[in-house]
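So, here come the structures, one by one.
First subunit A sits with subunit B, and in the next complex the same chain sits with subunit C.
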Partner chain A sequence: MRKFRQDAMRSFGSFGITFIWVTVGSWLIFMILLPQLIMLDFSFRPFLPLRKIGGPEDIYTLKNYIVLFTNEFHRAIFIKTIWTSVLVTTVALFVCYPIAFYLAKVARGARFAWILMGLIIPYWINELLRIFAWQLILADAGVLNKLLLAIDIISNPINFRAGNSAVIMGMVYAYILFMVFPLYNAIESLDRNQIDAARDLGSSWLRIHRRIVIPYAKPGIAVGCIMTFMLAAGSIAAPQLLGSPSSFWFSQVIYTNFECANWNQGAAYAMVLAGLCLIFIFAMLKIFKVDLKELAK
Partner chain B sequence: MKSSNIVLKVVTGSYLVLFFVYLFLPLVFMSVVAFNTSSIPQVTPWEGFTLKWFGKLFGDSQMWDGLINSLIVAFFVVIISVPIGLGASLLLTRLQFKARNGLYAILVSPILMPGIILGISTFLFWDKAFHISGGLWTAIMGQSTFISGYCMLLIMARAQRFDKTQEDAAFDLGATHRQVFWKITLPFLRPALISAAALAFMQSFENYNTTLFAIGFEQTLPIYIGSKLRAFISPAMNALACIFIALTIAGVFVYEVMRRSESFKKS
Partner chain C sequence: MDQYVGQDIEIVDVGMRYEGSEEYAVSDINVYIKPGEFFSFLGPSGCGKTTLLRLVSGFLEPTKGKVLIGGENMRGIGPNKRPTAMIFQNLALFPLMTVAENIGFGLEVRGVSRADRRKKAAELLELVDLPGVENKKVSDLSGGQMQRVAIARGLAVEPSVLLLDEPLSALDLKLRQHMRTELRNIQKRTGVTFIYITHDQGEALTMSDRIGVMSDSGTIEQIAAADELYNEPETVFVADFVGENNRFISTVRTANNGYAVVETSFGQQLTGINPQQLSSGQQAIAFVRPEAISVLEDSKAGENIIKCKVKSISFEGAFVTIFLDIGGNQAFFMRRHNNGSTPFPEIDSEIDICFGAHNTRLLGTGTK
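Then we have the complex of A and B:
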């Protein structure tokens, strides 16, 4: 500790140390730790009318968490949220891997610049608007139904929004690019000579990818999967805009709780969602044998 | 060997084309609708070219209120997140301490968590601890929680390449910490600080998930868009989407041109 203080004093001086204390301290305490703790506290308290808060009934309870298991409707929605998020993540990984590899190791010059711009532009367009675009495509009188009717594949418009399919299509479209850039960043630093050497020695391209590129890209795959899963599991725009009353999403259950001022139930479900994402993060780190430090690359 | 190469090229090429058609065609549809006279947002039937939806959009005072709120929020998010990112990146790149990895994990965690969770926890915290109910301030706080993390990562990437001997030389020549910071550290980090500010602004301006839960009854532009798209969709939203797309394309081009002239100057 003394050495740490000396180092800090030598590098930053008292002014610098104060600056770091104030910025990092307030971020850590007032923006990250305390809000999470307050939310945790809310989640363990019963939902009571205002006059009873602080009274004898205001004791810690697991009730808000147990509801998730006893309420069949909520449980089904939660399970649906898990499998759809896994599905969206998997689709994004398979679709984006070839693109990321092409951009990182094959494309050169003007073509590289065009592809990069083609990826950045939709990436920076508001999530809501990208999902809105699919409202127009998937509506009863939307582009897709009109196309299918015109080429006589169907005789009546399909109601895409009745089930989960519209929400899933919207999510894949909205979050797919969050997979491309982590993959690209990881593959980009791979030495081309390794690929060339393997090819000269007669490896098929499948084998090159399996034995050289994919193992090298593991940290990027982990980050991409974590980001995509997190966005899908916590997505509220896609179900709000593309879902129907029959296809409720977990984020909407949380939102409804807040609309009815049941902050306690909402907080408990938010904690459950946070727990789900944490489990997924650790699973990814374990599966791809990646250290947390490598995530930032 | 030769023919399999050609096959691979054709497959890759068509895959790329398909992928970009998938990315851009929905955006094209969305923009085209903004110019269709039909009052239901649809591509076909085409009822004639019009600009009236833009007029309708500009006449909507809620849209302007949302835009102003978005600009206010984004401004403060930049003011808060960039210094926090700078402080954290200096702490993590310059000093060695036991809790370093643990601290790093906690500081990046808001980036890896769904935005709605940050929005909810911020809302509850300010309500409970300071009796400040949801509004622009809580939106600023909620967004800054994770945007500071992005700023930290961006600035750290550059800070790691810093040649510490420059600072040591300055100290040996009798410079004070303040002089070293303003004359050496800050100029070196300037490009990263500028990109961090730009990224923070854009992230804040686009944010929906965190803001929706944190902001209470106020509206930023994305919240306004969200409520409009949920209630009744009008081609005025397509007009707004069209403007967003045009601005994004322009922004990416300007950025690209700047980056190239920069690298041109260097070489």
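Then we have the complex of A and C:
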């Protein structure tokens, strides 16, 4: 630590170090810490008309948090959001693992470049527009229904947007990179000889993945799942554009609260969602037996 | 060790060209490896040795020709179905498994119960002289220990053929020399056919029953036992690559009875063995080993006598290397035992050296 300080002193000088401290420090305080603390403060205060704020009724209370348990409608949405996000994460993992493995260990040269481009180029477009595209694909008179009708697989258009299926599909697509890249990173560093050695010892491909590749890719799987889950749980565009009233998302509840000026309720729900994500992160780390340090890699 | 049965390998007219490549990585490979033989492929890096090993193990399919193991054609049979086990250059032990799990992996694949796998792992660790490390993590082992575990893992599936891809190259010198003996012992004890790939001739010469020398062009130059390879190289490449040699570019003058007289580029006449039956006027390279040369006063024998000047002397303990000047850029050196009493010639002094015709080998520069 002392050496680090001396090195820093030598390369930046005392003015430079002060500058770094002040800029990084104020960024941390004003952009991250303070807004969160204000939200936390809001979440523990009752929703009051403007004139009563700061009055005798403006006291700390758990009321906003308790609503989640008393309001059946909100509770159901909350649970459904968790469940569906888990589903999105799982589907994304199953879709992305083969892609990541193919990219990391099979594809070479031009083919690798093409697949990578195919994955990345859609991300040059705004998330909102990507989800609109899915709206066009999944609509009653959309591309997919037309295709299925044309080849006589179905006789009536399927209403994809009735349940959660459209939302799930849209989200899996929207967050595919956040799953592919952590997995790719993890698998890429696996020594090709490990796979060959397992094969040489008689292993089937399934067992090679189960015993060699997946255990090795655990940190990547954990990171990918965490990212996808957090993005899915906090998503607003996909449920708004692809969802039906029955697929209302918890983030939409939070949004509505803020919109209706009930910032206190919104803040409390936002805190609950943040807490949920934290719990998910630690659960994943526990399940995959990954150190917090390994995630940083 | 009666569970092991070494099988023979027949490599017939094998050529391998990688997809998208114009040239063959290896070509015209014809080798018969006997059951239970320790066979080495020796060659410079990039000569296609590893390609050849991967053709035998099944990771590659030959473009031409066929590989037979135990008389059975291996075409279309994947590496997981062949009676071979490979020891990789970097060993490729599974880092997330214990030693016992590593060794037992091939058995796990074959549905052997956990208890039996452990028993077998203990047995094999005994065989490779590393008992009691079953529960250690791979990363806790030293280089030599990892080596042994890798061999145990390969032997666990009871292969007929063990393929070794320069497995000793990562070890330090002492350990490498020790592991040579060890490998040879394990091979003797099990009777499994070993195919060993190396660019280190010391390894190949000390361990192998026979050696196939490969040249940069991906073809086999000569297949022979170590002493034969060293004493009777059949091609210029082998004479250059195996051991140290003096080489004189020369032209054949007369040839008869398996011997020939050549004239070197510096005008010296030399007599030597003519195994390729080169005839008068053909280009040849005359090879003579540095240890076959002696100072004329020390020994009266030797058909070939050259007058030269002592350039420098390098003392290497058991022997002495004397660099000689015979004019031009011709590199020339002799090697002599240090018997402790014979004095070394003085630098810049003029001496006559001699060597026998039977120690001089004349090989044609044309392709084989």
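To be clear about the criterion, the second predicted complex is superposed on the first by the 273 of 297 C-alpha atoms of A that agree within 3 Å, B and C clash if a C-alpha of one lies under 4 Å from a C-alpha of the other, contacts with A are read in each partner's own complex, and residues count from 1 in each chain.
To be clear about the criterion, a contact is a pair of C-beta atoms (placed from the backbone, for glycine too) under 8 Å apart; a residue touches a chain by one contact, two chains touch by 3 or more.
Note that this is a predicted model, so its numbers are computed, not measured.
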* To do: Tell me which partner A:11 touches in the superposition: subunit B (first), subunit C (second), both or neither.
  => first
* Once the structures are superposed on A, label A:196 by its partner contacts, choosing first (subunit B), second (subunit C), both or neither. => second
* With the two structures laid over each other on chain A, which partner does A:207 touch: subunit B (first), subunit C (second), both, or neither? -> second
* Based on the superposed arrangement, let me know which partner A:215 touches: subunit B (first), subunit C (second), both, or neither? => second
* Asked: Does subunit B (first) or subunit C (second) touch A:182, or do both, or does neither?
  -> neither
* Mind working out whether A:243 is in touch with subunit B, subunit C, both or neither, as first, second, both or neither? => neither
* Asked: In the superposed arrangement, which partner chain does A:230 touch: subunit B (first), subunit C (second), both, or neither?
  -> first
* Please name the chain, subunit B or subunit C, that touches the greater number of residues in subunit A. => B
* Which of the residues in subunit C come into contact with subunit A in the complex? -> 57, 59, 78-81, 84-86, 88-90, 92-94, 96, 105-106, 109-110, 153, 156-157
* To do: Spell out the part of subunit B that touches subunit A in their complex, as residue ranges.
  => 8, 12, 15-16, 19-20, 22-24, 26-27, 29-30, 33, 40-44, 83-84, 86-88, 90-91, 94-97, 101, 103-110, 112-118, 120-122, 124-125, 128-129, 141, 144-145, 148, 153, 156, 167, 176-178, 181, 202, 206, 208-209, 212-213, 222, 225-226, 229-230, 233, 237, 240-241, 244-245, 248-249, 251-253, 256
* Asked: Which bits of subunit A are touching subunit C when the two form their complex?
  -> 191, 193-194, 196-204, 207, 211-212, 215-216
* Asked: subunit B touches which residues of subunit A in the complex?
  -> 4, 7-8, 11-16, 19-20, 22-24, 26-28, 30-36, 38-39, 42, 95, 98-99, 102, 106, 113, 115, 117-122, 124-130, 132-137, 139, 141-143, 146, 173, 177, 205, 226-227, 230-231, 233-237, 240-241, 251, 254-255, 258, 263, 266-267, 270, 273-274, 277, 281, 292-293, 295-296
